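A short worksheet on the structure shown next.
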Amino acid sequence: MAGAPTAGIQKTIDDPRLQLAIYSATGRLVSHRAGSIRADLLPEYQELRTRAHELKRHTIDHLDHYLEQFESNVVAHAGKVIFCRDAQEVADFVLGLAKERHARLIVKSKSMTTEEIDFNERLEHHQLEAVETDLGEYILQLAHQRPYHIVAPALHMTRYDVAEVFTKSLGVEKEVEPENQTKIARAVLREKFLRADIGVTGANFLVADSGAVVVVENEGNARLTSSAPRIHIAIAGIEKVIPRAQDLAVYLNLLGRSATGQPLSVYTSFLSGPRRADDLDGPDEFYVILLDNGRTMLLVDPEKRESLFCIRCGACLNHCPVYRKIGGHNYPWIYSGPIGAIITPQFHGVMQHPWLPFASSLCGACAEVCPVKIDIPKVLLKLRAEVTEAKSREGKGGIERFAFRMFAWMMTHPKIYLPLASIGKKFLPVLPKLGPLGKWASQRELPKPASQSFHKWWADRQVR
Amino acid sequence: MTSREQILTSIRSALGRTAGQSVPPLPQPVLRVPYSDHKALVDTFVQSLEKLAGKAIVVRAAADVVPALAKILEGKRLVASNASYLENCGIRALPNLQTGFTDPAAWREACATADIGITSVDYALASTGTFVMLASQQEARLESLLPPVHIAVFPRSRIVANLDALLGLLPLPAEQTSSMVLITGPSRTADIEQILIRGVHGPGEVYAVIVEEN
Amino acid sequence: MIFHAHTRWNRVKERVSLFVTCIVDQVVPKVGIAMTEVLERLGYQVDFPAAQTCCGQPTFNSGYWAAAANVARHFLEVFREADYVVVPSGSCTSMITHHFEDMFKDDARLLEETHRLSPRVWEFSKFLLEVANVDDVGARFDGAVTYHDSCHALRELRIKDGPRRLLSKVQGLTLREMEPAEECCGFGGTFCVKFPEVSGGMGRTKLESIRKTEAGTVVSIDASCLMQIQGVIDRARLPIRTMHLAEVLASR
């Protein structure tokens, strides 16, 4: 389709090693998730999903209220809240703070939100070192690559790729054993954690009644990032807020299972404010940056608003037959898979990547596994209608529009459509393989249409 | 207009709300606590932790803790939190162990160089083999994080069924602490070729010593 | 003895109207013929409103909702008087029962007509099991088949066990489940020609699952899926055939 990264897609499909890596990694996550939500282990699974959806709907429908409640509780626990409209405001704040505090080194734990705003790049230009500490993200940072998957960022890389990256960037001897590669990263990053001035994390949830951020992880780097440096900054989209700490019973029971099949991830941190009077460790300063960056635009249409319910588990990616073929790098933004397909057009405008909502067979596997029951196919269909309307306004896509209008007209005029179809079919074998016919034939054999339609068979039968 | 005002105004405009407008009440949270008898709690906790390659040791009395850990602790650099329960078990009195810190810098150095960090827990979750630790005068953050081995010693009375039970007991953790951490097994990653590796940044080995008597 | 009105021995000739779908009409009318045979065998009086064409799904899925609404309106007109509308396709059925209302949000009259007709529109296997109340239609088919779960049928209409139950009653038939059975075949309407390389890739992955069963026939309740699967099979020059469930049930 016009504008789609066809060459990149074809390259990914033609690469057997990459296809195997994507398919087996996502396949493993699919089967782990299925194992963890079995009816005997979690009989309340469907009920949890419904409640998760309804709680998010309530919160998002009253987002201003819950953001204000969150803010006042952060402040009550000696933290500070900074509202930022866009990437530049975040960078300005962090740079300003770093300058005031004479900070030189920042450690970061995994946060798609910070990728969204090119956080590291913006700081680089100001002599501030910002180091990723999540193993996968660290490897990608050294390799100058984008994450391939929301939860498993280096899914596409082999141990040999990792070995090459480490040798090139760290000057270490070639090491291909993942266990030892991990040890190398651990040693390098341990030193950074203990020397860093500022720790930047994301937040899986912002808890309004507590003024707390919840950070979920498996490695321990987010704990170190938020505990070792004297300043902790949590950066989160405004949609991450949930009303009460007790609502975590719903979300935490769903998140780990949906993402990796773990009933609980290894570390769940519930952090509110800087260290208290008696604490022996923990940050002296605690900031939460609430990022808009276009999220308020996604609030406007009540039928697409649920796109903001996402808790970034990655289940939709793992189950999507399209993602499993084309991989994460063929999507135009850092959010890939089905969730990426619905939020990218809403953040960037449908005409930026008009092909994206159409890159789906609407199979619905994503909606079936989404822990917060986002009806992704419904939003895709709405976006498709918005694309055709936008194209019409901009004077584009006239040929396709005409073809579908003609098709629809034919389908409302059977007396013309039916005889035309029976004549047209006779020419099918000799028609040049142009347009849709050619596209079909590029991948599979064409069907042989029957010599007489069902209409004809029935009409003949009535006569007999 | 500040960014804050602009963002809140955009939100209200998109939602058709006015400043200070009320919000309909939320349904009460539903917390499911499937079981609560002591034997079930201990057995389930042990099973859950062992599934994660953690190790569980159940002893009868506080006096049995140190002997049970003797081999593991031998020859290692040890650091322990100021938890009063560790006092009860005689852990804090161990000769080669550092504890009782008041200076943050010295504390950090001790944790960074220790082989084993010993703590108690505030709660433990049976369904998932989880330690719940609240930062306080008794428990800090780094001793369960920096050393490559973490040992948590606690009486079985601190075990509750699951996360729902914990949130029922502790609806507002922020009132009590700046940091509540749920620790479920050893640190791990599968970032390289989906191969499971333990001990990435946090401890790669985790022990629970559960004391049965009150 | 009390004869239930629906038992095949004493059925009052209830009328069902066929909506064969544009693909069956033009490409595989044998599916419609098979459906007719099975329904008549069960004692139904089958009629076929000749003005029928399409449910509008290709147009709707491509984002041309106004044009699709015209096609949908035509459908509502054609089938207004039907007692039952039986459809050999999960995706066309769900288009009618789940998506017509998306297009008629601002038209109370059409919305009402849709809500009146929807409960009478039945995917074929569901009709047999839940309206005709039969699972054994007296069919015979010798051989091993594997069943493909069409996405719209599976996820929008929750059709999973029904066709398998019907197949289990076919004499001589062995059902071998493919693993995984629920993965999309790659058709997806215009998706198959807008993103042919992805669609082809998905079809070939499906083919791998099929081959592992060593079944000689692939069965589904959606002719569009079967068209995609057969196309991929034929390109790979394999001797596997595809059959619609109706064709299997009509076999003697």
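Brief remarks follow.
The letters A, B and C name the chains in turn, as written, and every chain counts its residues from 1.
In the analysis below, contacts are C-beta pairs under 8 Å (C-beta built on N, C-alpha and C of every residue); 3 or more make two chains touch, one makes a residue touch a chain.
Source: prediction; values computed, not measured.
Using the mean of the Cα atoms as each chain's centre, the chain most removed from chain A is C. Each chain gets a centre from its C-alpha atoms; the one nearest the centre of all protein C-alpha atoms is A. For this pair, chain A with chain B, the centres built from the Cα atoms lie 30 Å apart.
Note on chain placement: the centre of chain A and the centre of chain C lie 34 Å apart, centres being C-alpha means. A straight line joining the Cα centres of chain B and chain C is 54 Å long. On chain C, the positions that touch chain A within their shared complex are 20, 22, 24-30, 32-33, 48, 50-54, 56, 58-65, 67-68, 70-71, 73-74, 99, 102, 151-152, 154-156, 182-184, 186-203, 205, 227-228, 230-232, 234-235. Those residues of chain A whose C-beta lies close enough to touch chain C in the complex are 1, 4, 6, 9-10, 13, 321-322, 325-326, 355, 357-365, 367-368, 381, 384-389, 400-401, 404-405, 407-412, 414, 417, 421, 425, 436, 439-440, 442-447, 449-450, 452-455, 457-459. Considering their complex, residues 2-4, 6-8, 10-12, 14-15, 17, 19, 21, 23-24, 26, 29-32, 82, 101-102, 104, 107-108, 112, 125, 127-128, 130, 135-137, 140-142, 145-146, 163-164, 167-168, 170-174, 177-195, 197, 199-203 of chain B touch chain A.
Residues of chain A that touch chain B in their complex: 21, 24-25, 28, 44, 51, 55, 58, 61-68, 73, 77, 83-85, 89, 133-136, 139, 152-155, 157-159, 162, 178-179, 181-182, 185-186, 189-190, 193-194, 207, 209-212, 218-221, 223-224, 227-228, 238, 243-250, 252-253, 260, 262-276, 278-282, 286, 290, 292, 296-297, 299-300.
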